[in-house]
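What follows is a set of notes on a single structure, which appears directly below.
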Amino acid sequence: MERSPTATLLLSCPDRPGIVAALSGYVAEHQGNVVHLDQHVDQEINAFFMRMEWELEGFSLSREAIQESLLPLFERFSMAWSLHFSDVKPRAAIFVTKEKHCLYDLLSRHESGELKIDIPLIISNREDLEPAAERFGVPFHHFPISEATKPEVEAQEIALLRRERVDTVILARYMQILSADFVEAFPRQVINIHHSFLPAFPGARPYHSAHRRGVKIIGATSHYVTEDLDEGPIIEQDVVHVTHRDSVHDFIRKGKDLEKVVLARAVWRHTQRRVLVHQNRTVVFG
Amino acid sequence: MERSPTATLLLSCPDRPGIVAALSGYVAEHQGNVVHLDQHVDQEINAFFMRMEWELEGFSLSREAIQESLLPLFERFSMAWSLHFSDVKPRAAIFVTKEKHCLYDLLSRHESGELKIDIPLIISNREDLEPAAERFGVPFHHFPISEATKPEVEAQEIALLRRERVDTVILARYMQILSADFVEAFPRQVINIHHSFLPAFPGARPYHSAHRRGVKIIGATSHYVTEDLDEGPIIEQDVVHVTHRDSVHDFIRKGKDLEKVVLARAVWRHTQRRVLVHQNRTVVFG
Amino acid sequence: MERSPTATLLLSCPDRPGIVAALSGYVAEHQGNVVHLDQHVDQEINAFFMRMEWELEGFSLSREAIQESLLPLFERFSMAWSLHFSDVKPRAAIFVTKEKHCLYDLLSRHESGELKIDIPLIISNREDLEPAAERFGVPFHHFPISEATKPEVEAQEIALLRRERVDTVILARYMQILSADFVEAFPRQVINIHHSFLPAFPGARPYHSAHRRGVKIIGATSHYVTEDLDEGPIIEQDVVHVTHRDSVHDFIRKGKDLEKVVLARAVWRHTQRRVLVHQNRTVVFG
Amino acid sequence: MERSPTATLLLSCPDRPGIVAALSGYVAEHQGNVVHLDQHVDQEINAFFMRMEWELEGFSLSREAIQESLLPLFERFSMAWSLHFSDVKPRAAIFVTKEKHCLYDLLSRHESGELKIDIPLIISNREDLEPAAERFGVPFHHFPISEATKPEVEAQEIALLRRERVDTVILARYMQILSADFVEAFPRQVINIHHSFLPAFPGARPYHSAHRRGVKIIGATSHYVTEDLDEGPIIEQDVVHVTHRDSVHDFIRKGKDLEKVVLARAVWRHTQRRVLVHQNRTVVFG
């Protein structure tokens, strides 16, 4: 079961002939073995996307040398890229408010080893979930926040996240809107769960709106946070059927199961380096 | 397999004690046998809904006498009601424009006996699907329509539908907006299929909008037509997952399968007298 | 939101005219208000099933008098029945072995108030999950068991469950087969989660079998335990799509999410008194 | 929208370093542009699978030269392979018996251009569906068959299929078991639809078995036909939820919708050259 460490390269660039040949040739040339290669060409916008993962064992270049040796290729094809090593775990902070179902779900997936990440801290604008954090032994930081104090408090949060070397922020039903400054500090690294099948029912109280509208399905959407509320690139969505027998409280109960699983799938994919963003849409490699 | 004819009563009223007892008592008193009874109480709005179906064989009242004998009950409980007999088939007109997948689907369900309805005619604002109608032997009526001629043409259509004793209108990808007058002529009897999971992507070209937004699910919605475009009571919705590999043409291809099945389910339930409308929401009895 | 207590009557009997009238008449006669009535007639086997729930507030009979006053009705129609009060919580014991995802899931649903039950104890044939039980403050009982000691150990377990007045046993990935004696001690009160879409892949290691067979969906099944392993009445099933990219470990990871939610839904329905069993099939009221 | 013709290469071989580099290098070397490349490594069995599609426009080799120029590569890596051109349509024969829902569905998808195949003929062991075939203008061949005549009749069918240059056989609810000889004549080219979520309910009358078992989901499975009945490699499966209210006739009605869409998806993928078979499992490229 235990695999040797791998390198994963995520990249996007304008499409043109020879990209796959150049990159797979690079790995072959240094005695590497590709264990996963998935590419996608969006012909409408002439864009090329690729995820390539290869084993470090037997590879003729050191980790340090890999990035440098790839730079000429990146430049030749005008590539946007990121390079990751499978044994360097993402470090994620979880932001919460009052609801704890997503928090518990993430922590138990972490504890079981399903989510291969470090969770150095939990941040909340309220104190309600401190006992839940303690139960799993994760440090809890309480940052009360108001419109007036938001710039200052967010600056403190960002400083703390930097100190903890956090690279991923998970909003697990965090009921505060992040400022544009915060979002810019972690571009495409802040994952939110919204409790509707966006773009239906953006904003607050989507289950109430959905019940009023009389829909026959409810959903949840996980997306990267951008400056535009509920408008960021969608990573994952799922739905469940409802009927006239379901009250708004049933919607909320059933929806929680969706929120947990949709957020967990998005976090899993993000931390497995399977998600690329391009023009407000995601490419999610299988 | 062949069952004896049944009577079906659909009703809604303010909730209060004794309604079920009164109605089931009525059937028992006349030696009837209930084969389906489903009720629903919406406590939030204090409303009661019921569908009761009983066998006519052995029932001590004639069909003609049933309605009259129930009137005092309807009045006592301030009931909105409708009464149907299972061997009196609904008569449905299908409206189409260019797309034929829903039309073919409905006609083949009709031919196979799954949809127990009569389809006396097909109406279209274009001539494209006349051969398809002919193939199934259903009379095809071409009513070209423009904004200027709409009132007059719709009046002709309504007259034709009346002559043909049509009680249900199915918009099978009919690309014309019906006027309020038309809708009023067939209140809660006009069923539309919209190619998105409403309320997301109302209006035209929803697959294109969905693709641009980068959603991970697409859907279809069947609803009763009201004066407010795409805002009528929803009867049925379903979705299918999509990925970044799906172009807008794949969305359209996958969506067609949804449209067919979602519309067919709505028509089946409507013609089985399983749908009640209350305050822009439906109660769909199982 | 807080509703007054209700009485719920679950019953089955041979179908014949007048049952609904008799039961709804009974409630009306004593000034009761029915908040939920769902009946089902299985014409193939001539069986009648009903769930009726009515408010105790304003009802003219005391709780003690209800059962006695209904006995003549039960006898007249040869009814199998059970009577429950909404403020008398079911008492459930959770049986586990090593896997903790279902246990955590149930405990956090219990803690959040979603599952309105008491969980007086957790029983395991291993010690692995004692810390998990402690974390949620639920007493943990370790009963090591072998084929030789099974009769004796099970007798001790049954005695403990009786002392704790447990009425529902939840097998949350309990990897021991219960004896017929144990099952008989809690007839139709033992709920199991099996990690396949039964009847496919009964027995052990279903994910491995499913992977070998190359299925494109995997599933989970919650059912009442009977003497026949994996053959009991099914309460709930659900599935998720898989592809050739999913290894057996991915099947297991994805399957865990199914197991949690399918078991939780079954427990919720069981403890809400929505499930009836008849001839190895369930009627699950909506 | 109209794309230039492409070549598609499907292949499998033992995994080893350099395969992608060699193949993508080949295309790049001849000025080709890859529009789709998807590979999969099954580490458990050390197998490599790939689908590569590239534009013929601008490619420096003629169609005739492509296969020959690839042979050394195929040999070097011990590849099993097939090569296809997008403008050479698959030729499919549809086999039917009495049920026509799948036949109609395939023919209307063909007529609308969704299925880019030729359908030169329909074969049946009964005459029932001749009018349906005529309606769509497809030649209908009636081959009555019995256990005694099977070898001879199948030989005639094979001869006819050869004359019509048929490469794909679609069993659209064909209620006859094909002999091993027939299956060998079209290896991995015979697609069947089975009306259950295999491996549950193999054999005849699966809806009846499913109803008796009391399942909460029913399904359909499309697979390649092998000598072992209902045991061939699965291409696609899907399910729909059912409840106690659904009679076996409702199972059949709901199941038909599954059968249509599951078979159509399998045929679409097969004819788009997206399916590889290895050790009784399929790799279905996205």
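Order of writing sets the labels: A, B, C and D. Residues in every chain begin at 1.
By definition in this document, a residue touches a chain if its C-beta (ideal position, glycine included) is under 8 Å from a C-beta of that chain, and two chains touch if they have at least 3 such contacts.
All figures in this text were calculated on a predicted structure; none of them were measured in a lab.
Chains that touch both chain A and chain D are the following: B, C. Compared with chain B, the chain whose C-alpha mean position is the greatest distance off is A. The chain pair A-C and the chain pair A-B differ in C-beta contact count, and the higher one is A-B. The distance from the centre of chain A to the centre of chain C, with each centre set as the mean of the Cα atoms, comes to 36 Å. In this assembly, the C-alpha centroid of chain A lies 42 Å from the C-alpha centroid of chain B.
With touch defined as above, residues shared between interfaces to two or more other chains in chain A number as follows: 43, 243, 245, 286. Partner chain D is touched in their complex by these residues of chain A: 3, 15-18, 20-22, 24-25, 27-29, 31-39, 41, 43, 241, 286.
The residues of chain B lying in touch with chain D in their complex are 1, 100-101, 104-105, 108, 112, 114, 135, 243, 245, 249, 253, 256-257, 261, 264, 286. Interface of chain A with chain B (complex): residues 40, 42-44, 49, 197-201, 213-217, 219, 233-239, 243-245, 247-248, 280-284, 286.
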